[in-house]
Each structure stands twice: as C-alpha cells, then as structure tokens.
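These are the structures, in structure tokens.
Next come two complexes, and both contain chain A; in the first it sits with chain B, in the second with chain C.
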Partner chain A sequence: MAAATASRNGLRSALPLLAPAYLWLTVAIFLPLSAMVFFSFMTELPLSGKPWAFTLGNYAAFFSQSLYLTLLLASLRLGLEVTLWCVVIGYPAAYVLAKVLKGRSREAIFLLVILPFWSNGLVRIFSWAMVLREGGILDTALNAMLPFKINIDLMYSYPAVIIGLVHSYVPYMVLTCYLTLQAIDDSLIEAGRSLGASRLQVLKRVIIPLSMPGLVAGAALIFVPVVGSFMEPRILGGRTGTFYGTVIEDQFVAVFNWPLGAALSFILLAVVLVILAIASPVLRRAA
Partner chain B sequence: MAGVQVSNVSRSFGAHKALDDVSIDFADGGFYALLGPSGSGKTTLLRQIAGFDFPDSGRIAIGGESVERVPVEKRRIGMVFQNYALFPNMSVADNVAFGLSVRGEAKAVIATEVQRALALVQLGKLGGRRPHQLSGGQRQRVALARAIVTKPRVLLLDEPLGALDKALRVDMQIELKRIQREIGITTIFVTHDQEEALTMSDRIGILRDGRLVQEGPPEEIYNRPKSEFAATFLGDANIFRGDTTGNGIRLADGTAIAAGAGATLAAGAKASCAVRPERIRIATDAGAPDGNANILKGQVSKRIFAGNNSTYFVERAGQTLKVIVQNTGMERLAEGQDVVLRWSPESTVLIAAN
Partner chain C sequence: MATTRILEWLGRLYILLLLAFLYLPIIIMALMSFNVSPFYQLPFEWTTEWYASLWQNDQLIAATWNSVEIAVITTVICVVLGSAASLALYRYEFRGKKFLQALLFPPIAIPWLITGTAMLIFFFGVGIGRGLHAILLGHVALALPYVIVVVSARLQTFAPELEEAARSLGANQWQVTRRVTLPWIMPGVIAGGLFAFAVSFDQFVVSYFLATPGQTTLPVEIYAAIRKGFTPEINAVSTIIIVVSMALMLLTARFFKFGGEK
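Our next item is the complex of A and B:
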C-alpha cells in the first residue's frame, strides 16, 4: 500500500519531466506513423484529389510479386553482412580503446572514430565514390605504388555498398562495445591468465561473454537501419544497388505510390521485429 | 609445490624505481608476508613473481626453474586478487572449474576436483550460486578455491582480506592459515596490515621504496629490527637518537641508554635505540636500585584506555614516549603526574643511523 502510494507520488512528480518527451514523440513519430498506416490501406493518395477506397492490395502486392521478397532477402543479407563487418572491424578497435590505450592517445583515436558521425552522410558517400571509381584515388594510388598495372573499379558494385555502409555504421559498434568493455575489470583478465588461460581463451570465455550486451546493442543499432537503407545502395551500388530500401524510396519520390511504399515499410518493420524477437533470447543466453 | 627465489630483481616505471635490487628466498611450503606502506613495491614484486610484469634485470625462479620471462599463464601459480576478481558471468562452480577446463581436463575430473576445493573452503553447497549472490567472505573463499584447485606451485595473495570487515578478517586469517597448512603450498601474501603479517606468516619481508629493508621470522623482526623504519612499521617503538658509546648511546642531554641487542657499532657514530612500549615499566617512584636498567624521568601527558591495556604518553626532554601497561587492576596514573620509566638493556635494540 505504502509502496503503491510512493510510486504514484513518484510518477506524479516525474510527469513534468516525462511530458515534453512524450508530447514530442506523439507529435513527431506517432501521428505521422499513424498517417502512414492509414495510407498503406488506401488505393490512392488522398492528396492527389482522386477518389480512393480502403484496400489490402498494397500488402497483397508484396506477396504476389516475388521481386519484393527477393529484394527483402537481399536487404536482410546486406544487413547481416554489414553487421558482421562492423563486429569484425569495430570490436577489436573498441577493445584497444578500452583496454590498451590510455590518456591522450585514447582521446585522439576516439575522435577519429566519432568523426564520421559529424560529417554529412552525402558528403561521406560521394567521397567514397571518388575513392572507389576507376581512375579514382584508390586506383591511382595502387597503380603508382605497384610495378604492374591493375584496374580497381569497385564503384557501382556490391562491395562498394558494403564499404559505404560499414563506414557509416561502424562507430555504433565501436561505441557500444567500448562501453561494455571498459566496464570489465582488468583483474578479471589477469585472474583468467593466472589460472592458465591463454589470451585467446580469456577473450572467448570472459571478455566476449561479458561484452555481449554491447555487441547485441551495436548489432541492433546497425542491422535495422541497414536493412532499410537506400542512400548508400543507390549512390555506390548503381544498377547493382537495388534493394528493398531503394524500392520503398522509389515509391515515395519517383512513382508517388505512397500507399505501396507505406505498406512495404510496415512489412519491413514487422520482419525486423520478428527477427529481433527471435534473436534476443538466443543472444541473451549467450550473454 | 616449490620454493621461489627472487635474485637481484629491479623494475622501473619511467624514472620511478618500483623495485631496486630485491633478493628474497621463499622456502618451499612457507607462508610469507610482504609488508610495506603503499608505494613500497610489494605489489610490484608479487606481480613479477606472478608473471603479469617482467623485471628489467634479475632472476626469478619457481622450483629451481627460471621463469622471469615466462608469461603468467605458463607459470602454474594461483593468485587471489584484492577484489576477488570472480567471473560474474559464471556460477561459483564454473569459476572454480575455469583453471581446470582451460587445461582441457575431463568433465568428470573437473567435477570431482571442484567439489573437493569447494569443500575445503567450506562452500560445498553453494556451487550453483552466482558471485553476486555471495557475501564478501564467501567470495573470498571462492577466489581461494579457484586459485588452489589447479594445484599451483605457489599461491600469491594480493591484500586478500583488505575488503573484509574486522571480525570476518580475523576468521579468514585463521581459515587461510588452516588451508595453507592442509595443502602445504608455498604462499606469498602482500599486505599493509602489520598485525596480519605478524599473526599469519612464518617469515616477513619489509619493503620500503622498492628495497627490501629486512627479512626474517616475525619475532626476529619485532625483537631485533635493523632500522628505525622496521622498528616503527612493524609494531610501535620508542626511538632515541644519539652517539654510540659501545654498549648503547648517549643522548644530546648526556643521558646514557644501554642496549643489550642489535648492531655492533664503533663508538662515536650516530645511532638510535628502539624500545617497544610494552617493555617499559612505569611507576611513580624509582623503586629499588637496579644496576644496569635504563631509567628516565618524565611526566604523563595523556592516557588512552583500550580495554585490556592502556597507553601512557610520557613527555621527557621534548620527546613523547609511549608506554603500554596491561590493565591488571593496578591504580591508574593521572595526567600530569611525574613518573619514572624503567626497562632492561636486553629490551633495547641498537640501530645504525640511516
């Protein structure tokens, strides 16, 4: 009884603090999303002035054309690959930042990790385009150093999309892993080694399990937006860069079929939620 | 099991000499305390023996085998950390099993050994718990079980009782000593707690500023300190400074103090005498004359009652002397009272000036 009263009092005093955030979320996310849900069941966009009716056709379109499923699978694979590369690149970097570097050198490296966050996404992608194309920076530099002639033209290819996306999203992995790795007491590592474990065994049996929450958080932060990404695939992928996200974008900016775009978006959201729901108990057990 | 020999080990961190030419022989099966203030190098020395850090020069041998360049995981040591360092992601049993399982022991062997180790530290029923569900004392026992289950050659303890409260600490001291005797393992114990060092160890090494100041059995160091630092760091001591006379010293005011123990020094050199507070008898009169006893007159400035004993602070020629008297029901001395202090030359240790 007393506890209930206390928690109600706590809630009442917290209300002024919570209100701005909830108000903002309602206006900025809930209302537009509700409108999109509404659109996704329409035959025509009401703004165009044409007559419209309710329909399930937009959702049915996903199942009637195998193209959408193929693209969704391609996007999920892209998300998986980018997430894996971010783990491979980001986790060791986070480990070095948290456990090896100290003081000013840590701050300097940290700045380099954060830097992509501060630069404009389009600038980031177009600078990759300059690096990756034939006769670009990478091609010219390699040919200047190597005695034989090679052609590097990664532009408009699947690897280019992967490179661009990994570059954009690897800081999330570094930051989330850094936070959990830093919380691991060094004496745990020393204890493991004093018991005869090699550095690799300590990594496998102590450090990775203890930093699993950071890996999971980083993976979720990366996987979800990458599956729906469209900017990197479109600019760096060219004709090979058609993914589920670019198709959705097309519906909104090129074809002006907002109802179909909205329906495809919500199907993606549902698929991602299902994947996270299946993955979370497995990952939690590993952690 | 094996003894540990540390020979001429030095280690610097930048300009700071953490260890300066330290040599100690840790006998097989002994219980050894490394005692010193913080920054004295005792933990650095332990880390060299463990293999977390390598010496700049010198030799470390475990069981006669040179190990100074062998990494920790190959040294077959057991270590207990100050904060216990239990793996929070594992159960108590898995923590204890860790050392055996990384060695690839069979599951059945591991299970038996873990049960035996947990029984030894009297935690047989708690194998399924997580470390965070245990009390401080229980975590300490798990850390100990984990360190000894692999049958290491030497057991290293880094201030293992520092985080426990006083009553529990005394229990754990007795417990630790019992377990050490039972398995007969060479044990090196780092502490800054002199009482812990005195009560638990067979031998004590006192470190200061990276150097070994004195080394020996607790009674020997307590009764025959070789430096003022050893005398005052291990226990309490009254220090008199003056010039040697051959069998004692002469203070600045001409008073002679006879010393029956300690260094042999040429007459005229600067030297000190150390007397333990409990060796001094305090009285209101001089009593019967006694040929060779040291006698000083002073005035009680303060008395601190501590239950079974009292400490008197006695002012004498600008120096405050401490005297500890057992509470045997004798009348207490008042503050401000003139008193006579008396102690035998045998209780006085002559120390060369440092």
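Our next item is the complex of A and C:
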C-alpha cells in the first residue's frame, strides 16, 4: 500500500518536469510514425482535396512488383557488406586502442577516431568524390607511383558506395568494441596465456566472446542506418546507386506518391524492428 | 616477448592507417577548396577566391544563418526540457518509468529516412506544414533523447544525500535544485547541449524532407549543389562546416568523457 501511494505521488511530482519533453517527442516522433502507418493504407492523402479511400494497394505494390523486393534485398546486402567491413577494419583498431595503447596517447587517438563521426556526414561523403573520381587523388597518386598507366575511376560505382559508407560508420564499431574490450580484465588474458593457450586461442575463446556485446551493438548501429541510406548512394553511386532508400526518397520528393512512400517506409521500419529485436537479448545480457 | 613487441608496433601502424583512411579524404577536400582550378586540376595553386565567392552567394548565406539559428534554438529548448525530464527520471519513482526511459531509444535507433518522411506526412496532414518551424520541431525531437541520456548519465554520479543535507538545512525544493543539483550536473548539461547543437547543425535527412525552396538549411543547400555538379565552392563551405563541427566536438569532449575510463 505504502509503496503504491509513494509511486502515485512520485508521478504527480514528476509529471510537470516530464510532460514538456515527452509531449514534444509525441508530437514530432510518435504521432508522425503512427500517422505514417495510417496513411500507408490510403489511396490519396486526406486534406489534399482529392477523394481518398482505404486500400491495401500500397502493400500489394510492394509484393507484386519484384522491383521493390529486389531493392530491399540489395539494401540489406549493402548493410551486411558495410557492417562486415566495419567489423574487419574497426575491431582490430578497437583492440589496439583498448589493450596496446596507454594513457594520454590512447585518449588522444580515441578522440581522433570518433571525432569525424560527429561531423557532417554529407560533407564526408562528398569528400570521397575528390578521392575516387577519374583524375582524382587516388588516380593521380597511383599513376605517379606506378610505371604503367592505369585508370582509376571508382566514382559512381558500387565499391564507391561501400567505401563511403564504411568511412562514415566504422567509428561506431571502434567505439562500441572499445568499450567492451576495455572492460576485459587483462589478468584473464594472461591466465589463458600462462595455461598454454596460443594467442589465437585466447582471441577465439576469451576476447571475442567477451566483447560480443560490443560487436553486436556496433553491428546494429551500423546495419540499421545503412539499410535506410539514400544520400550516400546518390552522391557516390550515381546511376548504380539505386537502393531501397533512394526509392523512398523519390516517392516523397520526385514522384509524390506519399501513400506508397509511407508503405515502403513502414516495411523498412518493420525490418529494422525485427533486426533490433534479434540483437537486443545479446545487448541486454551485457547490461 | 619479441613477438609481442612486433605485434604492438604493427598495431600502432594499423591505427595510423585507419586515421589516414578517416582523415585523408577530408584533408584533400579542404585542400581543393584552396586550389585555383575549378575542375580540381593539379598542380596545386593557392587561392582564396572560392571563399570570397561564398560571400557573394546570398542563398548559401541565408541557409547558413537558418542552420545556426535552428541549432541554437534547438540547443536551448533541448537543454531545458531534457534536464527537467532527466531530473524527474532520477528523482521520482513511479509506475511506467522504465517505459518512458525505453521510449527514448526509438528516436535514436530508427533511421532518419523513416522519421523524416513520417514527420513530413504528419506535419503536412495536420496543417503544421513544411519550413523552418517544422525543421525546428523535428530537430528538437531528434536531439532531446541524446540530451536526456547524457544528463542522466551525469546524474548517476550524483549523491542524493547532498540534496537531503540541503533540505535539512532549510532549503526549499527550488533552492536545492538551483544551488546543489544543477551545479553538479552542469558538465552533463553542457555536453548535452553541445550534442544537441551538433545533431541539429549537421542534420541533413530530416531537414531535407521538411525544407521548402525559400526555407532551407546549409546541408540541404549543399546536397542540392552537389547534385547539380561539384564545384570548389562546395569544398569551401564543406571545409567551414567540418572545422566548426570538429571544434564543437573537441569542446564537448572536454566536458564529457567518451572513453568510459574510470
């Protein structure tokens, strides 16, 4: 009884402090997301003046035209590839940061690694255009070093999109893996070594299992936004850069079929939620 | 032992390579903003004419001011609403608190493409419409969860006995908050505010869907310019943005440790 009264009083005192923030989130995030689901079942937007009706047609379009499913699969594959590259590149870096570097140099380098990821993503994608285009820095530098003439023109290609996205998201992986790797007690590693395990065995049996939550968190943080990316493929992919995200963008800024766009967005949201649900037990175990 | 030393040096070398990967494109982009050739031709010849021509570009300057204004207002609103919510979540026990805390993660985890298009549909549907006010509405919602998370993290280190001590000495609730709690959480509030500024100032996706031709922000203008073709002017304005946001993050790092070290 006493606990129940206390908690009711708690809510009464907390409400004035909480209400403004949560009202704002409701109006600008939760209501829009609900509205998107609602509009995805309509033929036309209400308030646009045109007659509208409820329909399943927008979802039927997704399932009947193989284009959308193909693009969603292409985006999922892009997300998977970028995530894998981020693991391959980011995990060793996180390990060196957590276990090799010490003191001030570790702090400084850690800051340098995560600094770009809070700077403008659009600008960083644009900066790769300078490097990858024909006659760009990569082309010029390689031709200056090599005795024979080669043409490097990665711009507007699938690899360019991968490179740009890995560049954008690898700091996430370094950050999350660093946090879990740093929490591993060095004496565990020493114990394994002194019991005769090789470096590789210690890595496989001790370090990787213990840092799994960081890997999963990093993977979720990278995979989800990459599947929904549209600006990166547009700038670096050119004509080859058509993905699920760019098709959603088109529905809203070029074709103006908002109900179809809403349905496509909602399908993406569902996919994202499933992925986060799969990842969350691993993360909760870590917490 | 020798192998350990070699492996450690390889590790350091690897970190250097990663830093090169992260920074070289940005440095090259910045250098090209000082190069004479409008087609990024080498050899490099120094000029500041692209920065000078930025000053003539009224559209870009207007968009820049919009970005700064929206980021500043977003920061102020987020710091006030976010700190209040964090205090309430820290101080009081009530049913549904876990749920309210869990509600902070969808805005962070859901891709901005989905949030942005959903805002566009809803704001259009209920008559809020598009434009700078809609962008502000969206930016605050995106940045608010970050501020609450950061300030709450700082509050975890607060000793509630301090509040009780102040209360037993006769301070009322407002005095306790102002004189005891707020000074303690100030580093978290400042870091949260800088996060909010960065989220808003660098935000492209949500602004892109909510902008109208006359009412845009800097990233939206840059995207439009990039899609028309690459020019050194874009390099110049991009360089300015990168320098500003990196300086902001260095400032944030002074107030908030990312490394999780004790």
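FYI, the second predicted complex is superposed on the first by the 247 of 287 C-alpha atoms of A that agree within 3 Å, B and C clash if a C-alpha of one lies under 4 Å from a C-alpha of the other, contacts with A are read in each partner's own complex, and residues count from 1 in each chain.
The definition used in the following text is that a contact is a pair of C-beta atoms (placed from the backbone, for glycine too) under 8 Å apart; a residue touches a chain by one contact, two chains touch by 3 or more.
Owing to the predicted nature of the structure, the values given are computational and were not obtained by experimental measurement.
**Q** Go through the superposed model and pick first if A:123 touches only chain B, second if only chain C, both, or neither.
**A** So A:123 only meets chain C here.
**Q** May I ask you to decide whether A:218 touches chain B, chain C, both, or neither, giving the answer as first, second, both or neither?
**A** neither
**Q** Tell me the contact category for A:233 with respect to chain B and chain C: first, second, both or neither.
**A** In the superposition, A:233 contacts neither chain B nor chain C.
**Q** If you stack the two complexes on chain A, which partner ends up touching A:245: first (chain B), second (chain C), both, or neither?
**A** second
**Q** If you tally the residues of chain A touched by each partner, is the higher count for chain B or for chain C?
**A** C
**Q** Touching A:191, do we find chain B (first), chain C (second), both, or neither?
**A** First partner only.
**Q** Taking the superposition as given, does A:79 touch the first partner, chain B, the second, chain C, both, or neither?
**A** neither
**Q** Looking at the complex, which residues from chain B come into contact with chain A?
**A** 50, 52, 71-74, 76-79, 81-83, 85-89, 98-99, 102-103, 146-147, 150, 156
**Q** Please name which positions on chain C make contact with chain A in the complex.
**A** Within the complex, chain C contacts chain A at residues 8, 11-12, 14-15, 18-19, 21-26, 28-29, 32, 40-42, 81-82, 84-85, 87-89, 91-96, 100, 103, 106-107, 109-115, 117-125, 127, 137-138, 140-141, 144-145, 148, 198, 202, 204-205, 208-209, 219, 222-223, 226-227, 230, 234-235, 238, 241-242, 245-246, 248-250, 252-253, 258-261.
**Q** Which positions of chain A touch chain B when the two form their complex?
**A** Residues in contact with chain B: 185, 187-188, 190-198, 201, 205-206, 209-210, 287.
**Q** So in the complex, the part of chain A that touches chain C is made up of which residues?
**A** Per the touch definition, chain A meets chain C at residues 6-8, 10-11, 13-15, 17-18, 20-22, 24-25, 27-33, 35-36, 39, 45-47, 89, 92-93, 95-97, 100-101, 106-107, 109-116, 118-124, 126-131, 133, 135-137, 140, 167, 170-171, 174-175, 178-179, 182, 220, 224-225, 227-231, 234-235, 245, 248-249, 252-253, 258, 261-262, 265, 268-269, 272, 276.
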